[in-house]
Structures are given as C-alpha cells and as structure tokens.
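Labels for the chains are A, B, C and D, by order of writing; each one numbers its residues from 1.
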Amino acid sequence: MSSLLHMLPFAPIDALLVVPGVAALLLALIPQYRLGARVNMLASGITFLFALTLLVERPDPTVSFLFVDDLNVVFVVLGTFVGFTTSIFSASYIGHEIEIGRLKPGYIRFYHGMYQALSFSMNLGLTANNIGLMWVAVELATLTTVLMVGLYRTQAALEAAWKYFILGSVGIALALFGTILIYMAARPVIGEGHDAMVWTTLIANASKFSPELLNVAFVFLMLGYGTKVGLAPLHAWLPDAHAEGPTPISAVLSGLLLNVALYALLRFKMLLAANPLAVAPGPLLVTLGLVSLIFAAFMLYLRRDIKRLFAYSSIEHMGLIAFAFGMGGPLANFAGLLHMTMHSLTKSAIFFAVGQVAQVKGTQKIADIRGLTESHPTLGWSLVVGVAAIAGLPPMGIFTSEFLLVSSTFARQPLLAIPLVIGLLLAFGALIWRLTGVAFGTPSPSVVDAGRPPSMVPLIIHLALVLIAGLYLPGPLVAWFQNVARMLG
Amino acid sequence: MERFSLDAAHLLAGGMVLVSFMMLYQNRILGLLNVFAAHAVVLSLSVAWQAYVQSAPHLFVTAAIALILKAIIIPVALHHMVLRLGVHRDIETVGGIGPTMLMGIGLVALSMVVMLPAAAEADPIAREDLALALSVILLGLLIMVTRQNAISQIVGFMSLENGLVLAATGARGMPLVVEISVAFSVLVAFIVIGVFLFRIRERFDTIDTQALDDFREGRE
Amino acid sequence: MPIVAALLSVAGLAGVAVVAPILTARRVAWATPVVYGASFVLAAVLLICGLLALLGGSAFQGTVHLPVGLPWIGAHFALDPLSAAFLVIVDFGAVVASFYAIGYGAHEEEPGRVLPFYPAFLAGMNLVVLSADAENRRAGYVYLLMASFGTLMLLLGFGLLAGPDGDYAFSAIRTAEHVPWLSGLVLVLMLLGAGSKAGLVPLHVWLPLAHPAAPSHVSALMSGVMTKVAVYGFIRVVFDLAGEPAWWWAVLVLILGAGSAVLGVLHAVLQRDLKRLLAYSTVENIGIVFIGLGLGLAFKTNGMAGAAALAVTASIFHAFNHSLFKSLLFFGAGNVLTGTGERDIEKLGGLVHRMPETAYLFLGGCLAISALPPLNGFVSEWLILQAILLSPDLPQWALRFLVPASGAMLALAAALAAACFVRAFGITFLSRPRSPAAETAHEVSRWQIRAMYALLAVCLIAGIFPGPFLDALSPVSQMLVAGAMPKQPILPHLSIIPISESRSSYSGFLVFFFIMMASWAAIRVIHNFASRAVRRAPPWDCGFPDASPVTQYTANSFAQPIRRVFGPIAFRAKISQTMPQPGDMAPARLTLSLRDLIWEFIYAPIEGAVLYAAERLNILQFLTIRSYLSLVFAALVLLLVLVATWA
Amino acid sequence: MGLILAILIQGIQMVLVLALAPGLIGFTRKVKARLLRRQGPSVVQPYRDLLRLVRKEAVLADNASWLFRNAPYLIFATTWVAAALVPTFAAGLHFSWAADLIAITALLGSARFFLALAGMDIGTAFGGIGSSREMLFATLAEPAMIMIVFTVALVAGSTQLSTVAEFMVDHSTLRVSLGLALIGLIIVALTENARVPVDNPATHLELTMVHEAMILEYSGRHLAVIELAAALKLLLYISLIACIFAPWGMARQDDGVLGMLVGVVTWVGKLAIGGFLMVLFETAIAKMRVFRVPEFVGGALMLGFLGTLLLFVSRSF
C-alpha cells in the first residue's frame, strides 16, 4: 500500500489540496450540470481516498508546510467523507432544484467550483502546519460558504449571506489578532520569522511563552473561531445560513465547517494547556458550551422552519462538544471526539432527509409538513431514525457519546452535570415534539411531481454508520480516539 | 535614533487611535468616509515607518495597498454609492455621541490594561503598537455596533481591519503580513461589492440593516 | 449454559425485529402469525433459561462479556438469582402475550405499525408514538420525555456508581467502596429513574396516557412486564450495588410506595376508559411492590435478615403476581375491544351473556387483583402485611410511625381496588347493554381465550400453592439481604409460614378446598332435598320494572360515593348541581370538576416555565445584525476584562 | 385416631355455627321486639323462613347471568368457611391455622365482592345503589379491620386467632390499645352486618337501604342461602369479638369432651349477650344518613390506627 503511494507524483497530503483545487478550476468551466455533478463527485471521492491513505502514511512535518497527526487526521477523514457523500446527495438535489427552476442553470459552474474550493480550503485549514495559513484557509472557507449561502439570490438568502458575511468577517478579524498575539508570544522564544508560526514548533515551546499574551490571544481566538463554531452568543449567523442556503451546503456547514473551526479552537487550547502559567482554557469552553446548549435547546421550541430547527440543534451539539473538550480528561475528550464524529454524520444525514422533505412537500415550514411516514415511508422513517439519533436515543452512536459525557461529568463535577442534563432534556423534548408532528399523523399534501427522487444512499450510509457506532466501536478506532484524547489533555 | 524611531511609531499609532475617535465622533456619513480615508493614510504612514525601521521592504507593499485601496479607491467608491443611495443624511447613531465617546475612552483604557503587562517581554515598539492597535480594533467594533447604516458599519469594519494591519506590521518579522493584508483587502472588496450587489439588484431601497431584518421577521 | 441460550434468543428477537418490517412492507399475509409465533418460541426459550437459572442453582448461572456497546466497557451479561427471577417474570408475560397476539394481531388494521417493534420490545415507546390520533401522540410525547428523563437519571446513577474512571461492570461496582452521601444520591436518582419508568407517583403521569394507547397485548406487556424491568433495575442497584442502605432510604421508598398505591387506585376508581383504569391500577400495584421494598430496606439497615427476606420476597412475588393478573385483565380489555370496539365502560354492559368466557376470565383477574383469597394477589399482600407486623422491632422512630401508616394505606388500597374492580366488571360485563356495540358483541378467537386461561391457571396455582414459589425466590432474598424465609412446609396441608407457625400461617389450598366443598355441598343438598325449579320473569326492581337500560347505575354513579368521600382530598373535586324550578322545563345539570393536583403543581409549572423562557429567548432570533455584533462585542469586552483582572 | 377426632371436632364446629346462626337472628329479632314492647315472632321463625324459601321455586330476572345464580352459593361458602375458622367454643382446632385473622377478613371480602356483583347483574337502579354503597363502606371498614388486626396481633404476637385467644386467656392485661380496638371492631361489625345505624336489616323499599337493595332480585333458595350467609356473618363477628376480648371458658384442643361442652355453653352464652347488647344499642340510636356512615366507619379506622401507633410507641418503653 505505502509503496504504491510512493509511486504517485505528489504526496497524498498534497493531493488533498491539489485535487480539489484543480477540480474547482475545472468545474468553473463546466456548464452542464450532469457532467459537473459527476466531476464533483469524482473529485470528492478521490480526495476522500487520499485522505484514507493518511491513515497508513504520514508525511514528515518538517519538510512540508502541511502536517498530519492523530488529531487532524480524524477531522480530515471525517470531513472528506462527508464532503464525498454530500456531493453524491447534491448531484440529485441540485438537479431537482434546477428542474423546478429554483436555481438558475447559470449558477451551476459557480456552485460546483465553490464546492470544491470549499473542500480545498477546509483541507488546507485542517492540515496547515502554520497558524497564519490556517487562518487564511478558514477565511477562504468562510468566503466560499457565504457565496454559496446566497446562491438562491432570494431576499432571504442574500440577507442571510450578508449577516453571515459581516459576523464572519468580524470573527475572522478577531481570530487574526489572536494569531498575531500568538506570534508575538512565540517570537521571543523561537525568534523572528516563519518558525514562530509553525504549529509543531509552537507546541514544542509553548511552555516558555509569556502566559499573559497567550491568555489575551486565546480570548480573541476563541471568539474568532468560536463564531465559526457557532457557539452562543456568537451563533447568530448560523441558523439563517443553514436555513436559506442550498441544503447540501447546510449539510456541509454542519458536518464540516463547524468542525474545522472547532479544530482550530482545539489546537490553540492545546497550546494554552501546554503552558502551565496560562489561564486554563477549559472553564471558558465549558461555559460557552453550556450557554450554547441551553440557549439552543430553548430556541428549538418555537422554530417554524425545519432547516432552522436543525441548525439550532447543531448549535446545541457544538455546545455539547465544546463542553466535553472543556471538561478535558481522557473520558470527556473521548466523548467529545466521538460526539463530534457522530454529530457530523447524523446532522448531515438529517439535512439530506430534510432537503428531500422540503422538495417533496414544497415547503420548509414545519407546520405544513405532516405524516411523512405515511406519505413517504422510506424518507419519513429515515428522518425519524436521524432525529431519534440526534436526540440521543439508544442505540445510536450519539447516545453512546452522551452517555460517556454525562456520566463522566457527573462523576467528576455533579454541579456541572445538572445544567448539562437539563439542556439535554430540553433539547430532547423539543426535537421529539417537532418530530411527532412532522413524521406522524395525517399526511399533508405533497408537491405533485417531486421529480426523480434523490438518492437515499448517502443518507442510509450515514445512519448505518451511526447505528453501528452505537452498537459496536472497533478496538483500533477506540484506541486511536483514546490516543487523541490523551493528546488533547 | 532608536529612541526616535520608537517615538515616531508610537506617534503614528497614537494618531490612528485619535482618528478612530474622530470617526467615532463623526455623525455624517460623508464626513465619516473622509475621516476614514485619513485613517488609512495614517496607517500607510505607520506601516511604511515600520518597514523602514524593521528594514523589511515587503511591508512597503502593505503600505501601498493601504494607501491606494483604502485611502483612495474604497472611500471614493463608497462616496459615490452614498450619493446614489441618497443616504447621505445624518447617521442615526445608537445612543448619543457623548456616551459613545466615553465608551471609546473606556475601551482604550481596557486595551492598555490588557496589553501592557501582557506584552512585557515584547520589545517596546511592538508593545505600544499592540496596545494602540487593540484600541483601534475595539474602537472599530464600537463604530460598527453604534451605527445603523450598513455603509458606516463597513467603514467601522475597515477601521478595525486597519488596526489589525497595524498590529501585524508592528509584530517584528511576522511572516505572511502582506498576504494577510491582501486577503483582508479582498474581504473588504467583497463587502463593498456585496453592497453594490444589494443596490444594483434593486433588492432593497435602503441598506439599513434594520430593514434587512424586517424581511426575515415577516417570514419566520 | 442458559445465559448463552438467553443471549442467542435475544439476538433472535432482534433478528425478527429486522425481518418483520420487510414482511409487512411486502404485505405478507402470514406475517402476523409468523412474527408472533417466532417471538413466542424465543420468549419461551428465555423463560426456560430463567427457570433453570432460578431453580437449578449456581450450575446454571454465569456471566458473559461481549465487546459491544460502550467502548472499553463492553457489555457484561450475568444470570444470577435476581436477574433469573425477573427473566421469568418478563418472559412468562412475553410468552403469553405473543400467544394472545397471534389471535389479537389478526384484527390489527395496520400490522406494519405493530409487528416490527413488537419483537424488539421497543413496543411501548414506538407504538405509542406511532398511533395517529392527536391524544395518543401527546401520550407518546409525554412517555418519551419521561422515559428519557428516567434514562438520564439512571445514567447519572450508574455514572456515580462507576466513578470517574467509569467501570460500569456490576462486579466492579459491587466491590467498589461507596461514600454514604453518594449512595444516598444514587438512591434518589434510582427513585427518579426507575420510578419514572415503573410509574411511581408523582412520576406516573405518562403511564395512564401511554399504556392504553398501545394495542392491548402491548399494553399488557407495558403494564405487566416493562414496569417490572424498572423494579428490577431499582432492586439491582439499591439492594445489590449501592452498598449499605441508610434508614432514611426506607422512609423515602415507603412514602412514595404508599402514595402511589392509594393515589393510583383512587384514580383508577374514577376512570371510564377500561384500559386507562387498568393502567392506573398498575400504578397502585407498583406502589405496593415499593412498599415491600421499602420494608426490606428498613429491615436490612437494621440487620433483621429474616424480616428483610420476607419483605423482599413478598414484593417480588407481588411483582410476579401483578404481571400475571394485569396481563390477564389487559387481555380481557383487548377482547372487549375486539368484541365491541368500545373502551368506554359507560357504553358497555351485559357482555357476560355475549362474551361468557371473557367475562369468566376477566372475573378471575378482578378477584386476583382485588387481593381476595384464594387467589395469588391475596397471598403476596398478606405476606407484606405480615412483614409490616414485624416492624415494631425497628429502632428508628420515623419508621415506627411510617410503617403502620403504610400498612393502613396498603389496606385502604386493597379495599379500594376491590371497589374499583367490582365497578369495572359489574359495569362492563353485568347489567344490561348500554349501547348497540355492547348488544352486538361477539366472543373472540380461541388463541386469545387460551392465553387468558393459561394466565388464570397460574394465578390460581400461585394462590393455592404459594409455597414452591416462595422457596424458588429464597436464593434471591439470600443474595439481596443475606437471609431467607423459612423453608415452606409442603405438608401438612400446603400452608405457608412467613416467620413461624405460631405467628401466622395461611393455606390457600385448604381455603380453596373448603370453599369448593362448602358450595358444592350447599348446591347438592338444596337441589336434592329442596326445589331446583327456576322461573324466568322480568326484574322486580321494587315493583318498578323498567325496560330502559338508561335507568341502570352507570360507572360514574357507581363511583360517586367514593368520589364524594375521597375526592375532596385527592382531587379537589367540585360538584355543582343546577336544579330548575318546579315547572321549569330546563333539564337539571350536574357538573363535576376533578383536578389532577400532581400535574397542576409539578408538571404544569415546568411546562409553563420552559415555554416562557423559549418565548423570551426567541427574541434573539429577530435582532438586527448590529445587535448581534454588539453581542459579540460585549462578549469580547467581558472576556478582556476578565483576563485583565485575572493577573 | 387423634387426627380423626380433631377433624371431627372441626366438623362439629362447622355444623354448630351453621345450626346456631339463624337462631341468633331469631333471638335478636325477639329481643328487639320485646324492647319495642312488641310480641315478636318466635326465636325459631328464621328456620321456618329458610325452609319455606328453600322449597319455593327461584324466580330469576330475564337477564340474570350464571354469576347471579352461583353467587349465593359462593357467598355462603366463603362466609361459612370464615365462620368455621373462628375459634368459637374451642381454640386451636385442627384447621384453625389454615387462615389467620387477615385471611378471614379477606374471605368476607370475597363474599362481599360476589354480593356486590350479584347486585349489579340485573341492571336495576336499586342493585347499583346497594353495590356501590356497600363497596364504599367496605373501603373504610376493611382497613379499619386490618388496623384492629394489627393492634391485636402486636399485643398477642400473632395473627392466628387460636394463639391470640390463648394469649388473652393466659395473660389478660388491660391495655388502652385493646380498648380502642374493641370499639373499632364493634363499629366494623355493625357496618359489615348492615345493622343500625349503618343500615336497617328490617326495611325494604327504602332508598337508604344497602344490603337489602343488593339482594332485591333474589328469591327462593338463592335468597335463603344469602340470608343464611348473613346470619353466619353476624355470628362470626360476635364470636370473633368474644374470642379476642372475652376468650374465657374456651376449650383447648387437648381438653376432653367436658371441656368442649363447657366451651359450647359459654360460647352460646356469649352469643346471647353479644346479640342482646347489639340490639340494645340498635334500639337506642337512629339510623344515619348514608354519607355520615363514612365518618362513622372512618372513626373505626382512626381508632385502629391509634391503637397500633400506641403499641408501636409503647414497644420502646
């Protein structure tokens, strides 16, 4: 396997950037949507395969400005996988959107190009060995998603994009300042120049940095990248962006972009944790996490737009994950990693389902969607399974991670477990409340011609994975996650 | 010489803070644009000075970008747009000027308190610059949140970004500064274009963000 | 090795659960019998495993560890006396229910709704949510919410027991050292968790909504079996894992148990919906079981092993009995439903003529649940009363006062239960039909009847020969409280002895035998030496023979005296009559208002608070970009101030 | 041999209670009539009534079910068994431990259960009234009874009537709790036997009747059996009170024939006294409104509970 990899003209890790980059340029030239969709799928697939190779072959961090360690390979593999499945979904979805004339064919090139550009920037952000580069990548990702959110050019879409844009830019600015501060902190130790921004050297010397600078830096980084993660009170862009953008983008946003920002946050958390004098980042993350969890849980109750509903649920789960990493410790970190993985899979699956629901019912209003299990059994049931999973019902994977999180928290900090449990219950109540209305009861009228039913394959694959993870986690995966959990400290 | 260079840098950075205050005080949009141009000019001067002091020629590029793009092109463009949009009426600032100024002063004090001890090890220039840059950034944010008109918000954002560039250039030997400033200029360009888009597509008769939100409020 | 077989058959059930939806999707005609038949067989295997492990001793017990489920924890399965006992309880119910369902399922208009989940035994949850009409959906919602609440509480409890390093294996927990306050917290959590699943007041609200919503055989499983699983969880943790109990645990458990017993049956007496009535009576019986468990705790803390053994054995025996007669009664309700399509007893009546066998079997269930000798319900409640009589030896004052009080509550509950089921049977099966549906009722399929006969038979056997059952439970009490009841003498005359012969004894067999002999003798004598002539005539009714069935006593009027006596306390019942003046043609009106105080004072406030908070926070959805920016700004400034003040 | 004798004695008691029950009724009626300055029927009148009824044909309502026809025999049988298990003239009879006091209470409960059902079978308003009120009274009377049982059992250390009786004979102490229990038991007895002030056994066609309303539709042999069961019940309660609170003169199982005879005589005496006192009480007071009865019976419950509590407390001294 590895020998086979050596025969390639470039290292697999570079391929993570080369393939999407080339594909982006290529797709920008392909006006036909079928061909474009195929190329899009193909490119994403290849990227995913290369990402898989990273599991066996790690490049040497010193030679490249990219690097791979146990931590980001989790994100890369997960991200490229979701990117791949989403591209499959988007192929059929966008096709239907064009058929019903919601999306103008002229935008196809733009859409596909942006899709690959997005995956490019996210891979870059995940593998960059330079905090400046990472920042640039995240900004790029933001720009591309902003453009995709505004794709439909409706008032709502433009306005959502605008809001996302402004808030995102401010977040980016804050993150940049934080990055500068990190450099300032590193320079006296490492010396001027490029090295002082290289991740591997940073983490190696973190203990000698000036703690005060690190503290201030972390404040900015947390608010900056936290805006991307969608933690309350920095979340405002997230629901509208999810609700108004094309559904594949909603899936990518929830399944990937949030993770990328979270990854950046984790990196800097590790940096601070490596410095004994710096303020412990844990409590900050825990606080933001709890706030997001409970806030989002309450917000779920009065949602009327189904995509916005699940967007808020994403905020809730990001809060949970932030909480887990904030708690720290092998068990909580493990739970956080597992939860992040499960959430990406489940939430993107849910958005696949919701997108089709919105197409067959011709609306995103929860009130107008009823009795799905009657009118569209497969779709309805997979939505039920997805929501059951996201709500944390056994035997799905999210239940496992929540179980670990709750029980470990309760064993360590009973007082923190109480708001955690309350938040979980609130969210559960809201989600099930909505689900019973949408999935059961007398069906509401469907759009006459729902067109070619989009492929259920990605949806089912995701849910199957979540279910399997809930029932059985393979030993190597567990060992690997535990290793990462130790890294995170 | 060392002493002088330090003072000069300090002076320029302080000048930026001063200009930020002027922007904060400014409540006519056209005036705001002019003051912003001045802001950019001071920035480019400061960046140039840093380039000279640190003998880092590539910083001159940044200075040039700041001067050309932010001091000339964008203000002019926005000027035109304001006239076309006919929003050159008074900016309805949220909460009077007085409180805003007070808040600004508080922010400057805060940034001093935060940065000076924090950057103790960093060399003096950097320390002063950082503290002042932070205050510029905070003031920029303050402008953004105390203005209701989208254009003035953009201006606020750009002044914030000026602060970032100031900080970046102040960080001696920081790599990617040029790239970052370029990236940011792209960002700003996008924002401006975005406003143009809104205008050209006749979506909104005003780009008062209050009105923007009315759409979704009606819908959700 | 029974446990392996048990696990395999569980896997089999899961397999059936997977296959079932495919069959139903294909609209296969024989789906119903196959699915239920398969689950019948598998449940039977499980039942046998349980029996082997319970009676066969340690040779048939054991543990298995599978690497599934939670990472690095895996799943430990153990078959010890306790789990074996409850395995028997659960799977006997499951076996009979599957058998019953082979007949009952034939009437299911939407088999796709039931079949897939039935074998997976997710029946309760899914089925309730699945049902289409709004009321049932609300039921399912409340059910799910309470269920997940319970689950979370249980998780917390286990997390607490497992400790920070999280070893969830029972063996590890059992050996671990537990701080007293921590175990106390565990008890509270278990009460919340298991209590909410078992339907303990005040966590019972979902139960009377959810159980009736499901098809009857599933209701039977939910009431008769699922609640027992919760009881099992409680016993397992509180008696087995949580370490030494403190005496106030008993106080807590006794209060909850007694409260559930009385409130549950008081609700039951007033119900019109037959299945809801049964569900409420489940609350009552769970309360009785918990009274027994509370006594067990009280005795255990004071090292009175024998007494503790009596209490625990009695309450597990009652759990078993309840699973029997409650299933029987729910099946009866199911028959009535299939026979008449009616659940409202006000619209029933006279079914004894059209559904004689159902009537006969339902009567048996009523006798058993009303704790009347010689049936099994009486035996277990009698044992609990005997345990109460041992309580004066308890040193704690609180328990001294509480235990007799709970005894009185128990007696009150039993008496009310009798009233409740006289009403249920009398209104449903006796008197004259109150609706066309009742007039045209028809008897149901043999499968259903046979299943019920099996249950009634076991009820009778357990009532007449309780000795062997109690002996079978002695390893359980041995394991839980390190004590056991005296070995029950099979002879003389099959009597059972809680403590010692001089104290008290009871021989169900003799009582049964004497009753049979006496009535037989009476009939013989009278028929032989006096008249046996019978003449049919219209009812006399004090000389006012009236054809109209409307003049009969209704369920409501039957309950009226009890409501009038207990209602003001339990429900804040308000009754107002408006009598028109003489000569006024307007009809007289009687309005009755009952208030569920528990809902009003516990749940309604929570609901309100959540919605209020949601309303308030929802404003954040509609702010301007500027306001959102100011949020970010505020957060930034706040954090900076924090950092500044940190050093 | 001993076994046969024991069983024989048990059999004698069963026959004896059956034989004496109507006599007790007749006696009370006679005494009542005398107290009311009436001549009254002869003491053996109830026997005559029963014979007459038994010989008549039974008239069944059109929609009477099998339950209606079988209930009387079940009621009779359970009551009879219960009565047979109460030590009357001798304690510790062979089968006396087949059921303790709680079981006896429960047996009477079964009898009531069937009676109430029978009352509802025909579907008349009167039957309904009877059953529902009967069950209401029972919901209070049974817990009261259980509480009294607790009190007694805590004193005597057993719920086994024979043991209790022997205990009372051996160390007969005066206890407050027992006093409370006695009053409670009397109230329960009045309620259970449908006597004034709870119910009026002599009336018909009265809206407040309870017991009579339930058996309104019965006739012929069925009615006879039910009447006999009611008589047995009265006898049961009087002998119960006697054997707990006045067990003197009761024979032990090892006593000879003489002892047995003494036991029988004393027992009949106790029955007579008990019946007389009851009638005296009945003539002294008036019948209550139905909804004052719960307070009356609830009083019994309170007394029983109080007695138990007192004992629980006194245990610690």
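Assume contacts are C-beta pairs under 8 Å (C-beta built on N, C-alpha and C of every residue); 3 or more make two chains touch, one makes a residue touch a chain.
Computed from a predicted structure; not experimentally measured.
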Chain connectivity with chain C absent, coordinates unchanged: A, B | D
More contacts between chains, A-C or B-C: A-C
Chain B and chain C, separation of their C-alpha mean positions in angstrom: 69
Between chain C and chain A, distance of the C-alpha-averaged centres to the nearest whole Å: 45
Inter-chain centre distance, chain B versus chain D - centres from mean C-alpha coordinates, in Å: 100
Approximate Å spacing (C-alpha centroids) for the pair chain C, chain D: 34
Chain B: positions in contact with at least two other chains: 114, 117, 141, 144, 153, 212-213, 216, 220
Multi-chain contact sites of chain A, meaning residues that touch two or more partners: 162-163, 166, 170, 212, 215-216
Listing of all chain pairs that touch each other, if any do: A-B, A-C, B-C, C-D
Complex contacts: residues of chain C adjacent to chain D: 349-350, 352-353, 356, 359, 363, 366-367, 370-373, 378, 382, 385-386, 388-389, 391-393, 397, 400-401, 403-405, 407-408, 411-412, 414-416, 418-419, 422-423, 425-427, 430-432, 493, 495, 501-507, 510-511, 514-519, 522-523, 526, 530-531, 533-542, 546, 549, 551-553, 557-562, 564-565
Chain A-facing residues of chain B, complex: 114-115, 117-122, 126, 130, 133-134, 137, 141, 144, 153, 157, 160-161, 163-164, 167-168, 171-176, 179-180, 183-184, 186-187, 190-191, 194, 197-198, 201, 203-204, 212-213, 215-216, 219-220
In the complex, chain C residues that touch chain A: 25, 67-72, 129-130, 132, 134, 137, 140-141, 144-145, 148-149, 151-152, 155-156, 158-160, 162-166, 185, 610-611, 613-615, 617-618, 620-621, 623, 625, 628-629, 631-632, 634-636, 639-640, 642-643, 646-647
Of chain D, residues touching chain C in the complex: 54-63, 65-67, 70, 73-74, 76-78, 80-81, 84, 95, 97-100, 102-103, 106-107, 109-110, 112-113, 116-117, 120-129, 131-133, 135-136, 138-143, 145-147, 150, 153-154, 157-160, 163, 204-205, 216-217, 220-221, 224-225, 290-291, 294, 301, 305, 308-309, 311-313, 315-316
Residues of chain B defined as touching chain C within the complex: 94, 107, 110-111, 113-114, 117, 138, 141-142, 144-145, 147-148, 153, 209-210, 212-213, 216-217, 220
